[in-house]
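Next come two complexes, and both contain subunit A; in the first it sits with subunit B, in the second with subunit C.
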Partner chain A sequence: MDGILQSLGVIFSLSGVTVLVTGALLGIVIGALPGLGPSIGLSLLIPFTYNLGPELSMLLMISLYTSAEYGGSISAILLSTPGTAAAAATAIDGYSMARQGKANEAISISLTASTVGGVLGGLALLLLAMPLASLALKFGPAGYFAVGVFGLSSVAALSGGSLVKGLACAAFGLALATVGIDPIAGTPRFTFGLFQLYEGVPFLAALIGLFAVSEALAMVESRMASAPSIKDKVGHVFMSAALWKETWRSMLSGSVIGTLLGILPGVGGNIACWVARDYARARDRHPEEFGNGSANGIAAPEAANNATVGGALVPLLALGVPGSPTTAIMVGALIMHGLHPGPQLFNEAPSLVYAILFGTIIASLVQYAAGSLFLPLMARVMRLPDAVIAVGIMAFAVLGAFAIRNLMFDVYLMLGFGVVGYLMKKLRFPVAPVILAMVLGYLVESNYRTALVSSQGDYTIFVTDPISLIFLSLSLVSLLTPLWRRIQARRASSRTEETADCTVR
Partner chain B sequence: MSGHASGASVHDLSAGRGGEAPHRHYWQNLVAALVCIGWNVGFLLLSLGLPAGHSRGDVGPGSLPIQVAVFGTVVSAVYLVQVLRGVDLGGTHGRVDIARVSGLMALFVAVCLGANWIGLALCLGIGAGVATLLFPGEKPLVRAAATGAGFWAIAYLVFGKLLALPLP
Partner chain C sequence: MSITKKTFGARMAGAAVGLALALSGFAAPANSLAAEFPEKPVTLVVWAGAGGVLDTYGRKLAELLEKEAGWSVKVDNRPGGSGAVGVSQIMTQPADGYNILVLTGTLTFGIAQGLIPFELEDLRLLRAMQSEPSSLAVLSDSQFKTVDDFTKYMKDKPNGLKVGGHAPGGFHQYMLYQLMKKGDFESGWIPHDASGKVTLGLLGKHLDAAMMTPSTGLAQVKSGEIKLLGVSTDERSAFLPDVPTFKEQGYDIEGAIWRGIAVKAGTPDDAVGAIQAAVDKVTASEDWKKFQIEQFQDSPDWKEEEFTKRAQSDLANQLEFLKANGYVE
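Right after this comes the complex of A and B.
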């Protein structure tokens, strides 16, 4: 009870409200700028949150994360350019509505649905995190190792594109995670005599490079002379009662889909938005309106992508396993404050856990207020030319990397990771498995070796421990599913070819 | 951005489809596969040099790195085989603007190197201003001056003074 009261005290203090509002405004702007997203926003912000303390730091990040998911829909609706991957589905009906002169209406649906999705996702987090955490406390080292492997395998398999590239990236991230003093024996590994690497590859420097600098390098290449013009004037947005009546079902179904998919590692808003849109379309009485400015075509994906925020925080809090790059960044922030996420956090820092649980819901409400009051200002930010945005990213990346440990070494390392991230982007290698592996590397290795020490070197502990067996089986399923789908697709295409041949004959 | 915002990529979760790979992707992926193999073999050789564990049951500090390196080598070999078989595993379609990308990178490396002499805030301001010239647009010099001054002010006043970051 003390934890709840303390967390509410922090949230409703002047500094709590200030960080929530700041996070919401930054989040909407970052989300609305095409190419940027919550991952880049958080990676650039983290180094500067050190002085805030863990509760305020997490509130700021949750607020930015939630609002960036909504912000992505603004450029999707006004410019047909999704600000974030999760707003891609919104662009179809949102832009169509904007072309009909109903931009304000489209944004009002997006904002309301995002808020409903965020609140319902937050409520799911509140209800699920604690029981799951109590269950996770019973896991042994073998179980934890398997949970880590499951998180990694599913992210590698589901992060989009080629499975083999996803796995290669996970191996690269795990290799980076082994740099530094080893967690059991204390032996320095792969440090090459550099004291800066004794604590491992600085995660935040790698993160800023892989996400932010790589994006700036991609921007300099695209060479956009000026920002696209916005024809519609946008004012303050409040949804009418008629629209509420029309869209509440889609908001609800989108929220449930988003929450459930958000819990699964590797599945984020960019998948949830399409699933929610398809579901809403299948259930709609006028499915033909989808694609031509349907209100439900905006409400369902927007509710879903914001609901994934609460869903994605469930495995982070309950198991200590981030399910997405954005939540992996939050792990980095917690580590920066000397905390390790997971079920033990409920006993070690209850006020922080409750601040995250309640903060997720309240951040959605703050996003609604900030989004409706400051929308005209946000629309102006989208007129910033690429030159200023890209250069701004680079400048903040340099300052952010330096702020981590006040070492120029981290800045050079960050720039190096920027080049790696840029090349990965060009070659369609997913970045998410690298980040996840860097975060999960410590959990995987320490529990792997502790399990073997406790079993006196007997490897069968990983299959005799029921929790370990379940999660290792799930890992196998997550890796085999894309292969199975590929075989099915090949069979289907060969059948189609055969049918076509028969028809020709 | 981690994800690429397109419906197609979102739904295409399987590995690359078979068929004739575009010529450009073939060479890109071939080089990438060879780099992956090189990295993992190098990592394996370094891992083999790590000491064995001392406690009973402890597999030692080299155990996981060796396993990761072996796994990475196997995955990279599969990647190479897929490329050689002509499976299109994706790649960049457009021209890579090496001059601009390396120009921006070199500029910010120079910013970091110059920070010890004239201070990071001033260096960042100059670097940010010059970097905007890499982008097309109207009134480039005015934009460069305004951006440079703006970022110098942010670095010096907000980060140096307000946040008390000990900038070099």
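Right after this comes the complex of A and C.
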């Protein structure tokens, strides 16, 4: 009890509120800048946390982490440039909505969904940390493989018009994911002797190139230099009652998916956003709107990527093991204060644990307020002519690619992906499946092989492992449902044709 | 050292080294005139990304070099290529001591596997400042109480247990290989791409035993949920006084993954001397000692000669290990 009161005392003290607001403002900017994500943001922050107490430094870091997950959607919506990898799914519907003159709506959905996701993820952390952690332990390599396959099964939903094109793009992404050091044999594959490719094709370079540069090239081509196509004014962040009614289910499902995938180390927001979008689409009454500016296409992934924050903190607090690269940096900061994360912290430093638990929820609320402060600035961005925006996208893309590892190689690679993305746009190939497959390729391959190494080559591990069985069955369902619906629709239409024929006669 | 694999990267790097050597020829006279090293800010090139264990060490070193030696220090993260990016960065700079590489013991693995297209002789290894051992870890309810229990079981049932740890063909698998040779048994290896996942694998019973750094599962080691059967230090670690070493159980195995600093080969002795003197000030400081304890790090403090010898013998042994396990030909 003392711990709870003490932690609330810290959170609502002047310094507590100051670090929360500072973290939120920094987080939104860092999230919105492509190439700079929450993990880079936190590592830049570490030197400044030396002199803060452990509670305050954790509050600052959580606030930045949470807000960066939202900030990524701003550039995704306004510039088609996902600021963070976890905002990639938001770019599809968010940018499309903004181009229809509804940027304000898109931003308000994103901010609201991010806040809802963050709060629900934080509540799950507060109330269910221990059971969720023991759930995470049930996942072995076979389980991780099956989760990856489940994620890949959403390719169909991302394919737009042509499933064949979608599958071709997914195959391209999977092929790219094989570049780098072999996860089991330890030898480089398809690196052409370039050590810049040892860690694989840098994911952010591909993301920025395919999404942002291709869009800038398309803008230049269409020569809409004078008239800005977005006339919308950004004024307020409150969603209308109708929008709430439309999106609350996606926010809820997105939050649950984000929390659950967030607790699995190595899965996290980059994957949760796609799974959440797919789930929302499958349950939407207008699935055809996805890809053309669907409100749920923003709400679901944004709720999911913020909910992963609470999820990623679960293994950190319950087991002492970081659930994401970002939380690994938080471990480093805790160690700097002479504290080691884990269940023993509840006894050693209860006020710190409660500051993290309540801080996660309160940081989401602070993010909502901080997010609304940026609206006038965003309004100004949107009144710029396309020519300026195209140049801005290119500048941010180059900066972002360089920021990944301080290597010019990544910039050239990103530009190469930009050209590929442009050609794909021209030929109407969807870029999202490439990104999804790149995110999941490594997870699927490394865990597939690890599972087989641990079972000594016995393939039945994928059905005897209960988690694996569940997720492989779910993937099958998610693959067959659209097919089943199509058959049903065909039957129904042939039946109406028959009745039509009858009436004519 | 025979790395015959001619790659584009190696050739590029060779060209870069040649260019840098040519440049350093011009830089050298200027250095000998220098009154005192350093005359300008020094860069610590950390070969890992911001936020990890190596980065934490590099930043602490930078902070203390400023505080204790009065230097002006900049930290430059150059992650990528299993360290190759960081080494290349040093190689493209003049050999004047102003670019100091912050690196780990994976250096010798990287060279042996041909991932780092340089040789030990391209660097002057100045000081190993931190080290962490490996340990054989099981869950507390495991039937194994000692290393002997484990090796006996494995002798009876080759590959009978799921044994794994961080990275394929890395330090922890290398330590298991040493144990296999001394204990005369066969074991597979299940690699994990992050050390945290090794702890989760043990706790979730997806692994029966793991080779891991004790600090990896610190919360569980402290609470007794994970039991360490043996640790690869020479004597019992001050951090884990209750954990017996492999040596005292009759397995002559000793090894640690070090973190330290290096400069490019050809850096003049006066600059190296100034760096060593500054590092002495750092390691003597109370701040550093406190930091080492907080981070659960041993302080090997190997100077250049011992450090180099150690790295050379590591390299030879690891090459043999990698060949025996099919990681290199």
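Just so it is clear, the second predicted complex is superposed on the first by the 269 of 505 C-alpha atoms of A that agree within 3 Å, B and C clash if a C-alpha of one lies under 4 Å from a C-alpha of the other, contacts with A are read in each partner's own complex, and residues count from 1 in each chain.
Everything that follows uses one rule, which is that a contact is a pair of C-beta atoms (placed from the backbone, for glycine too) under 8 Å apart; a residue touches a chain by one contact, two chains touch by 3 or more.
This one's a predicted model, so the numbers in the text were calculated from it and none came from an experiment.
Enquirer: Does subunit B (first) or subunit C (second) touch A:L42, or do both, or does neither?
Expert: second
Enquirer: Who does A:I335 touch here: subunit B (first), subunit C (second), both, or neither?
Expert: In the superposed model, A:I335 contacts subunit C only, not subunit B.
Enquirer: Quick check for you: in the superposed arrangement, does A:L127 touch first (subunit B), second (subunit C), both or neither?
Expert: Touch partners of A:L127: none, neither subunit B nor subunit C.
Enquirer: Just checking: does A:A369 make contact with subunit B only, subunit C only, both, or neither of them? Give me first, second, both or neither.
Expert: In the superposed model, A:A369 contacts neither subunit B nor subunit C.
Enquirer: Now for A:F195: first (subunit B), second (subunit C), both, or neither, which partner does it touch?
Expert: The second partner, subunit C, only.
Enquirer: Classify the contacts of A:V388 with the two partner chains as first (subunit B alone), second (subunit C alone), both, or neither.
Expert: A:V388 contacts subunit B only, not subunit C.
Enquirer: Give the label of whichever partner, subunit B or subunit C, reaches more residues of subunit A.
Expert: Result: the larger residue contact count on subunit A belongs to B.
Enquirer: Under the stated touch criterion, which partner chain does A:L377 make contact with: subunit B (first), subunit C (second), both, or neither?
Expert: A:L377 contacts neither subunit B nor subunit C.
Enquirer: Check whether A:V453 is in contact with subunit B, with subunit C, with both or with neither, and answer first, second, both or neither.
Expert: both
Enquirer: Where does A:G418 make contact in the superposed view: on subunit B (first), on subunit C (second), on both, or on neither?
Expert: The first partner, subunit B, only.
Enquirer: Does any part of subunit A touch subunit B in one structure and subunit C in the other, and if so which residues?
Expert: Residues 39-40, 182, 184-185, 187, 325, 406, 453-454, 456 of subunit A touch both subunit B and subunit C.
Enquirer: Going by the contact rule set out above, which residues of subunit A touch subunit C in the complex?
Expert: The contact residues of subunit A facing subunit C are 39-40, 42-44, 46-47, 136-141, 181-188, 192-196, 198-199, 265-266, 315, 319-322, 325, 328-329, 332, 335-336, 338, 340-344, 405-407, 446, 450, 453-454, 456.
Enquirer: Tell me, which parts of subunit B touch subunit A in their complex?
Expert: Residues of subunit B touching subunit A: 1-7, 9-18, 28-29, 32, 36, 39-40, 43, 46, 50-51, 53-65, 68-69, 71-72, 75-76, 78-79, 82, 89-92, 96-97, 100-101, 103-105, 108-109, 111-112, 115, 120, 124, 127-128, 131-132, 134-138, 143, 147, 151, 154-155, 159, 163, 165-168.
Enquirer: In the complex, go through subunit A and note every residue touching subunit B.
Expert: Going by the criterion above, the answer is residues 35-37, 39-40, 48, 51, 82, 84-89, 157-165, 167-168, 171-172, 174-175, 178, 182, 184-185, 187, 189-190, 211, 215-217, 220-221, 223-226, 268, 270-271, 274, 325, 385-388, 390-392, 394-395, 398-399, 402-403, 406, 408, 411-412, 415, 418-419, 422, 426-432, 435, 444-445, 448-449, 452-458, 482-483, 485-486, 489-490.
Enquirer: Going by the contact rule set out above, which residues of subunit C touch subunit A in the complex?
Expert: For subunit C paired with subunit A, touching residues are 7-10, 49-53, 55-56, 59, 76-82, 84-85, 88, 113, 115-117, 159, 162, 164, 167-170, 188-194, 196-197, 199-201, 203-204, 206-207, 217-220, 222-223, 294-295, 326-327.
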